[in-house]
């Protein structure tokens, strides 16, 4: 911002800037360089992990908009993903549709489903709504499995590598760039939303519906909008998933996937964009982290049987621990750490009674 | 800013599960004036405000704003007609900053939709900046500058109440509805608040419907007073007259032996 | 300047792949160690672990150890896909022992990286049958289209032509298709058939499905599905007093369940000899896995057989053994199953299933109070 | 006739499972998504008792049920009590974690293999002939009897005993109950114990009748559709909900499409949410107050 010296802001535009200090600009630049240069140094497998994390981040950000910002609990996230993925699968399988057709179609299906699930949200609150979305999940999965069974796709429907603008996306490297860019774009949109009129209206509804209505916010409309926005992005993520994995199959969208996404925003820190990103990374990488730790402790030996259930259990345990002891999630820890670093070596802590 | 609107409540009745909260109440708030609503606890003051704001269903009667009926409309439509409300128990969005709370007050005046907000570039960005300027004006008006970036739940209760008023003011309402704004404020805060109330009336010309416990303040500031007891109007008129009526004294102090 | 420094930092902190032992045969295995299907597939993990530990302890193959990267896929395709990516760094073969939804991502990766893929535990995919995909092999005892060609004539031989036959499938495509195929076969052979009943695997209670079969008047029922469903429907039929005969594929738990249910009406047919026969190879496996697994030894047979195939392929491949060379070698193996199956597993360039499929039927004998074979091995030529 | 018998048996199983949801929801407005897993634990407790303590069902079954009830208390003390004051949704998520942990614990001890406690107790499960040509298994019949007995016992307990009346009071008027000095934690713990006991009972019966494996918990999800159709806070509604869902399920299997039966409880739930979101006999959620 040309007018800002870095510390004093002279316009409201400057005050609203996302990246306003030199340190932040440097950090952002470093992150961009790191992500761009990673393929040169990282192994294909590490790249695959980052790619997976990026895709998970898109899903987590979409869920965060719905649950974190607008306060509408959804247990149907995997259902939306599944709908997007199967839209691609069915269109590619039946009419060989190109991505420029399938992706908008997936978004449209997402919007329709979001509306369908959103309408009951106008009458339902909290748990009842969650149950409605859960029921939707099972219905979507049923429809998908009917399709899969009827057409005899035993191992799932194949989705060949897509071609956009003459480029055929098939290598791990291409997908790395595509998905990291997708995640970056979603992050930017999500950050912008939180500071815009619509995002604020959602947070108002989340905190107190009556107060929101008193400010002229059309609560019903905005709830519906949150469902539609979230489900469009989720369905798109599902569509990209289908292309990236080059197949779709019902088994990939079990209820456990929903739990994983909820865990991401819970562990990351509900309602925070950074939290959704941290949570997505954490949940995606956790099993591999456990592998690495066990590998380091017991090199050479074949992994013991108990390790595998343990990886699954660690996820459940961590989710419980975060819920019990760190409701603000990883973002909360990050903020405390930042305060600690900034203040170090001083040991300033707010008075206990002040909390 | 737009001039104040006149509110007419005619023979309004509200019942909850057989309990008659309001019974044929008529209240008028003339344009540009401060109309106070007083009465003992449980008299039905907040219920009346809820009915005006569309937060509870009415049994019979009518509510008109500048002659147009608003009863039966959903709350957000009533807000769009120009009714701004500050709540008794604040009802701010506690995790947000004062600034964000006030920006929410600008909701009705802003246009940016979902996509514009997500892109946050060009027009939607300029719109945001323009409304930020209006919010800053409100912050300055109510002298909240130093709390601008604080999360609401970290503020003292009196300041929170003032923020509630600020948020309602940011809506640029034609009718400002205040529910016991001064309760929980310190002596000094109350004095400031009295000043703000007069400035709202004189500088902004907004009609104010004001529920208040502090009868001294009402006597000093209100143009007209309506006294409620057990869901019925027991006195109405200029403060000096209405507050000294025998039935009002009785309602507050109990029947004298 | 900033860019330069960042890059340097990055290089230093880069995720470095740990140096792999270059003198080992590296194999990747994606297996449902946990998850809903683990009861059937986790034993393959134990079988491989024990089998190749023995080999390595004895000096390895051609003087080189076999190193297996085990990855759990929980029976979920997304996890299988991640595993496949992990394997793409230098394994010469991928082994899969999991449910069919995990096949596609592994096949995709195998195809892209030209890594041979061995199915050892899950149902054989179409690509293993003639004309076979050059990279896809399957040592599992059961395969679609062939099992019914054995089972339907078996029913006809025992029931005569007057019997009404019902068919039970699980709501997974491979099972549904197989039962529809069997129903067609049965009709062609002059049996009276009932429409196939498709049962969701997650049903709380199979009784309503059983009642439907019973009310339709089925004398014989054929089921080809995952074991919990096969046996679940049979038990549900028993609970409502059905007295017909039930023929079902003998997955690994069959041996225990035949003994548990003690029903002379339950016929389990399959490609593996049950441990009740007490062959020398059975004793050997029992001895080898003792204390090494939490599963009964006979659960490990599918995994054991595929490990035998792999061992022989590696021996024939020699050292060094690349993925291409191994794929070519696999297409020529002929593995003596030493009685675990009715005959050897022989693969050709065209056929990665087996030249001949062998079947044997078992049931509970009330007289002997034991699980006994009904006749000997039946041989089918696979063309 | 066989269809009617099937409906009643299935409905009884749903009732046994659904009781847990209703009890916990009444007490704390929390939906216990681990109810199915608590049922599974009950089944494994029976198997453990049979294989390690005594093969006599007279000892093993009460032991398993006691373990079930105790598990409820432990869960409350360790996980739910610290969640007091947190959003309800967070508490619901904790129960999801609990379900995962229970499944993992069982897998670590017993692997994923199916187990059968009944033969270990040396018992059979012969069919019982009913009038009209129908038949159910002995344990099916026991399930129906247990569900009826449990419901009758619970209703009597809530209506007649002092503790039960307190529980009802605490559920209906928490504030008033607190002012009267009712110990909430004890009552919540009791609700959890009863819920978990009911789950264990369902687990014991199901494991004996059908089988035991770690994925049994999925049944819990269906039963929770049942609880919602009946009304989450109503025991009477539960019976109606269970009968409706079971009837729809059996009819779909027989006359529509067996595959649809898997989702039919959820279709019932969606239909109910659209018509009467609070269920057949449930109370409407209180409106927000300003």
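All chains are identified by letter, namely A, B, C and D, in their written order; residue positions are counted from 1 within each chain.
Criterion: a contact is a pair of C-beta atoms (placed from the backbone, for glycine too) under 8 Å apart; a residue touches a chain by one contact, two chains touch by 3 or more.
Everything quoted here is computed from the prediction, not taken from an experiment.
The chain with its C-alpha centre at the largest distance from the centre of chain B is C. Among the chains, the centre nearest to the mean of all shown protein C-alpha atoms is found for A.
Rounded to whole angstrom units, the spacing between the C-alpha centres of chain C and chain D is 36.
Averaged C-alpha coordinates put the centre of chain B at 73 Å from the centre of chain C.
In terms of their C-alpha centroids, the spacing between chain A and chain D amounts to 33 Å.
Chain centres here are Cα averages; for chain A and chain B they lie 40 Å apart.
Within chain A, residues 145, 149, 210, 309, 312 each touch two or more of the remaining chains.
Looking at chain D, residues 107, 259, 262, 290 sit in touch with two or more other chains.
Contact of a single residue of chain C with at least two other chains is seen at positions 34, 42, 171, 198, 294. Those residues of chain A whose C-beta lies close enough to touch chain C in the complex are 26, 29-30, 33-34, 37-38, 41-46, 48-49, 52, 145, 148-149, 152-156, 158, 170, 172, 245-247, 249-252, 254, 302-303, 305, 308-309, 311-312.
Looking at the complex, you find that chain C touches chain A at residues 2-3, 6-7, 10-11, 14-17, 33-34, 42, 45-46, 49, 53, 68, 70, 72, 74-78, 81-82, 85-86, 88-89, 99-101, 103-105, 107-108, 112, 125-126, 171-174, 176-177, 198, 294.
Those residues of chain D whose C-beta lies close enough to touch chain C in the complex are 2-3, 6, 9-10, 13, 107, 111-114, 116, 119, 125, 127, 129, 134-137, 140, 206, 209-211, 213, 215, 218-219, 222, 249-250, 253-254, 258-259, 261-262.
Taken in their complex, chain A has these residues touching chain D: 73, 120, 123-128, 130-132, 134-136, 138-139, 141-142, 145-146, 149, 209-210, 255, 259, 262-263, 266, 306, 309-310, 312-313, 315-317, 319-320, 323-324, 327. For chain B in complex with chain A, the touching residues are 53-55, 74-76, 79-80, 84-85, 87, 91-96, 100, 103-108, 110-114, 116-120, 124-126, 128-129, 132-133, 136, 167, 171.
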